[in-house]
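The same subunit A turns up in both complexes below, where it pairs with subunit B and then with subunit C.
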Partner chain A sequence: MAFPQSMRSSTTPQELEFIASEELVEIRPTVKMDQIRFISGIYGPFTGGRLVKVPLWMAVNLKLKKKCNVVPPVWLNLEYLQDKLSEETSRPVFSDLPFRYAEISKVLLDIASDDLDQPDKLRSVLKDLREARQAKTREGLRAIDQNALSLPNLSAMEINEARPFFVGAMGILSQLTATTDATTI
Partner chain B sequence: MENDYYSIDAILAENQKVPCAFKVDIPDLGYLDGGSEKDIKASSKSQLPFWLTPVLLLSDFADCILPPPFSQRVRNALNAEATSVKLSSLVGSGGLWYGFGRMIVHVIEEPYAKDLTNVLVKTFKDRLVDIMDQAQHFGALGNHAGGGGDGQKGEDFREGLDGTERELFALAQASAKRTKQWYESSDKTRR
Partner chain C sequence: MVYLPPPNLQTPSRPGYEHAYNEIVAVHRRSPLSSASSLIMLVAPDVDALCASRMLADLFKQDDIMHRVIPVSGMNELEQTRDELVSNAELHTLILINMGSILDLPSSEWFGDFPDHLRVHIIDSNRPQNLSSLFGPDEKIVVWDDGGAEKLDEQRKAWEKLAYAPPEDEDEDSEDDSEDDLDEDEDEELEGSSSSGKRRRSSPGSGRKRRKVDDNPNRITRDERDECAAVIEKYYMAGTYYGHASSCVVYLLVNELSRTDNDMLWYAILGLTYQYATARISRDLYDRWYAIYENEVRRLNKDVLIDVGPGLGSRNANSASNNSARSADDHSIRVVEELRFTLWRHWNLYDAMMHSGYVASKLGIWRERGKKRLHGLLAKMGFSTNQSQQTYSHMDMSLKKDLHAKLESITPEYGMVELSYSSFTRCCGYRSSPLSAADSVEAVSALLDAAGGIRIEIEIEGARNGGEWFGGGKVWQLYGQNNRWKDEERENVPPGGQADPKKAGAREEEGEGEDADKKTVQWWMRNFWSAYDALNNIQQLRDALRLSMSLHRAVIRQGTTVIDKHAIRTMRGHRVVVISQGPDLALFCHPGALARLAHWLVNAMRERIKGTNVSAHSKKKSLPFVVACLNERDGTYLVVGVNAALEFGDVRKNEFGLAFLDAKERCNARTRHGTFDTNVLEIKQEDLDLFLQTLCEGVRR
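After this line comes the complex of A and B, so read on.
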């Protein structure tokens, strides 16, 4: 394999963003279009001002061409995320965030920040969330053994970041502990 | 770090010296010890590479004692605080402390084998969190050399990592760096 060692066991963040772009978001189109048929489904018709559910990739595309406005998803607002942040810092388990929240929020903040309420504060809350969860991941690492490690409610990007390290560490542990079984034979 | 005959990691891990005492005279092989003796006399001590020892033990030509990287002194230090022991100074900077320990576990007898395995596993787990911590910190710094607030302790720890730990560190650092770069990239300039 010509891949560098670190890329062999996980996907790149860009690939995860691509996969997350299949998620549906709501938009308000600013131009009129008929129904369009894609491989993933049929979307539309688009009439001015009415809410339409489209995949994220299509929303990004239309937004960059200035043909729509994006309606932020239910969880992408300041109060909800601040609640989650206080939940995150007060309890040792991970709080319940949408699986692909990192990718979706990054894309929307990037492309459609004018459609979001207080994007700067959103950015900083998201960053705090990310760091709090990262610290918890490190703590959870102490409980590792060679069989399984359970960290419920981790998001896709966080899993992806930890995967090469975790898999490598568990591999080494299983080799170290295999020796006791071998010598008792 | 497998038991495979062809595994490079296993070969490198075996490349450590073990103190042995010969039980019989061995004519004409005095040069192995680096000295000027013609023969090896019984009960003479020498440092031999680990891959020689299974044969010598099986044929009962020599006795070996536990090599210094796993002595009681090292174990006490690891028990006290695993993260402050410099594993790389025990086996050389390219060395594989965990790999070597595994090999030894295969040849020694039962109660000691289990002990040593427990020492290896506990040390690994204790140091693991620090490895991840440092790797993410350095991944986040990007291309800056040296850690700003990190200080001497962090550097000492990183220097003391053994071969297997260094690989893990590199993995964690690379993935942290990639994620950080993605977070900071922007698609607006694409169109």
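After this line comes the complex of A and C, so read on.
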């Protein structure tokens, strides 16, 4: 294959971040621009102060040039995440977080931390969430069998993390059960 | 020709910086041929120019304007670059930073022959400026002025009179011509210095026939002509000095565009601190700019300064709020009192005081007696020897808090006043403790002077008192340069040391014969780019601090040797030092390092020698100092001339540029100017003595 060895097992986090940059976020532009037509859609017009929905990559680009302020998404605030954290630690199922929450929150914390409220506390809550969910994933993987494993509400990054092990284990298990089926039949 | 007034002086009929910037942007966007080589910035290798170019590059990046930054180290380089640029069809804007203001740019030797749509912008802190660039009719040259040109009214009138006057009569014309020709032949290698400016501005119409006296309304008499010539000559001959820093000028532009933020402000602060730390501007000017920047800091960092007590906490150099970032994203700038000891926050107090020129001169540190006095001073302040030899970060908290107060109370006894000045420090989140402006300037200038190409030992932190297994030092290597030395001996590397670069160096030496020139060009370019990168990168700055400390130590070693051996000769009021041996000879062949040595010596000797009046034009006394260092490989001496003021914090104009030229002409020495500073030159070994004698005699005109 054309991929280097390190990239063959699954997609890298940077690739996931790239894919997540298609998600729409709201921004408040500080300069005036007309409507812009891209392949992915038409965005704008940008007039001072009014909220506009643009893809994340565009928001990052504008923010780096100091041409907009990012409005944090609904779920990226301290109380909401702390609620989710307590939910996470009290119940055995995964709580409902946006599919690409890890990538989006990382990008926004890096680039637009001045637009977020208490970014350092946000960082620590996000870290706690990740660790709680990671513990649950490990538990869940114990229940793996050759047919199906259901882990609802897992986020893209976490799926990617588990994928190499999961796929390999499923493969071996199905081989094993196939032979036992064969012998029993 | 046009000079742009600063924002406080601009009017609708005299557009200023913002207009010029918008024009640059508009031209770039309009032209279909725009590429990266349509906007080129030529940058001189000093900290101020680096900051200014960084600010402009950031502005251009935000506006999506492609540009190129080309470092230029001296006049020769500039000429070469200019020759290359002549053939560049896409070029429509050229920005020169900290170079070129003394050159006669409208002339055909420089940019007179370039196409008319080209604009050359000059942002330069060197003075004096060439009057035909400032006042001439050529629209191509745009000088960004800081308000100084307004005061040049007299010179402007004189220049205009001379420029627009009809030629003198024929006999005198031919005399002038032949003199001019002779001068031109002699000075081929030289920069377009003030002498060429002098030649150019005199009767541009020379060679034409004399016209009837009554016809021309601009006719001026012989006396008026002489008067004008005298005024202009006085302006050029007064010596070199510095105006406002280029980064301050660019910050004014950024302010006009309302795009200020902490990064831009920090670069401007670095430029200003650099000028003050290298004695280019006086304390007054520094204080004025400081007040402006303090307002800016308060404006941009409102949330930081609120919870510090009103007035009290933020000014104390050692208060806790100034020593740590409040959060991981904290990139704010704080106001702080800075002490004059070099890098005092990064090595121990004793060393810092030893290595600062000011303290050295007041206490006489190169002698045993002086060292004892220093110990005595520290003891009086209540610092035990143990404590003062501890790295600053490991000192007792109580001592740190009282440091400032104690210094203020005890040091006047020893005659050291004005130990502190107000400055700024910048947090960088949790990555490291806040770095002050003075320290950043030290780090960046150390990188510019010595980042690549010099073998120098740096001390590993904690290596004193037997802390490190394999010896106290390691050789400085540029961050990330390790992978360049491909042919290292990797097998025999001891666990604590570095792979031996000598072998790789030896192999490079062989191929060096042909590309010796390429190599010498590359070292300063590497320095430039590593300094450029480090401006933003706290990790590289911190590493560079160690380099800066080694440089200081080398300067001290050499300086104390010089003073101990009484190697300072006095020739008619000039102090001359010639260094031809010593462990650091290779280091001092670089102009930056030698200039540091010169400044240190001046600071050290300030108390001990009387000032003399060497200027032909002013009655002020000053301390002229000349330092020469032998470059064994090339067989030349590198000479630096410094004209220091009698008080610390004051400046004098530096006449050495002209003095060097004079002396060179009179004794026919073979010399070369390698950098933009006219007071630095290289001279062949054999000619040195004669040159020095002619130099010192020649000043009394």
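The rule we apply is simple: the second predicted complex is superposed on the first by the 177 of 185 C-alpha atoms of A that agree within 3 Å, B and C clash if a C-alpha of one lies under 4 Å from a C-alpha of the other, contacts with A are read in each partner's own complex, and residues count from 1 in each chain.
One rule holds in what follows: contacts are C-beta pairs under 8 Å (C-beta built on N, C-alpha and C of every residue); 3 or more make two chains touch, one makes a residue touch a chain.
For clarity, every value in this text was computed on a predicted model and none was experimentally measured.
> Answer with first, second, both or neither: which of subunit B and subunit C does A:175 touch in the superposed model?
After superposition on chain A, A:175 lies in contact with subunit B alone.
> Taking the superposition on A as described, I'd like to know which of subunit B and subunit C A:106 touches: first, second, both or neither.
A:106 sits against subunit B, while subunit C stays out of touch.
> Using the touch definition from the top, say if A:12 reaches subunit B (first), subunit C (second), both or neither.
First partner only.
> Based on the superposed arrangement, let me know which partner A:163 touches: subunit B (first), subunit C (second), both, or neither?
first
> Who wins on subunit A residues touched, subunit B or subunit C?
Counted on subunit A, the partner with more touching residues turns out to be B.
> A:120 contacts which: subunit B (first), subunit C (second), both, neither?
second
> So in the superposed three-chain picture, is A:66 touching just subunit B, just subunit C, both, or none of them (first/second/both/neither)?
The answer is second: A:66 touches subunit C but not subunit B.
> Using the superposition on chain A described above, determine whether A:48 touches subunit B (first), subunit C (second), both, or neither.
A:48 contacts neither subunit B nor subunit C.
> For subunit A, which residues lie in the overlap of the subunit B contacts and the subunit C contacts?
Of subunit A, residues 65 contact subunit B in one complex and subunit C in the other.
> Once bound in the complex, which stretches of subunit B touch subunit A?
Contacts found on subunit B: 1-2, 98, 101-102, 105-106, 110, 113-114, 117, 120-121, 124-125, 128-129, 132-133, 135-136, 164, 167-168, 170-172, 174-176, 178-179, 181-183, 186-188, 190-191.
> In their complex, what parts of subunit A are in touch with subunit C?
Against subunit C, the touching part of subunit A is residues 65-67, 113-114, 119-120, 123.
> Using the touch definition from the top, list the residues of subunit C that touch subunit A in their complex.
Interface residues on subunit C, with respect to subunit A: 61-64, 259, 261, 327-329.
> Quick one: in the complex, what on subunit A touches subunit B?
Touch list, subunit A to subunit B: 4-7, 10, 12-14, 17, 60, 64-65, 106-107, 110-111, 134, 138-139, 141-142, 144, 157, 160-165, 168-169, 172-173, 175-177, 179-180, 182-184.
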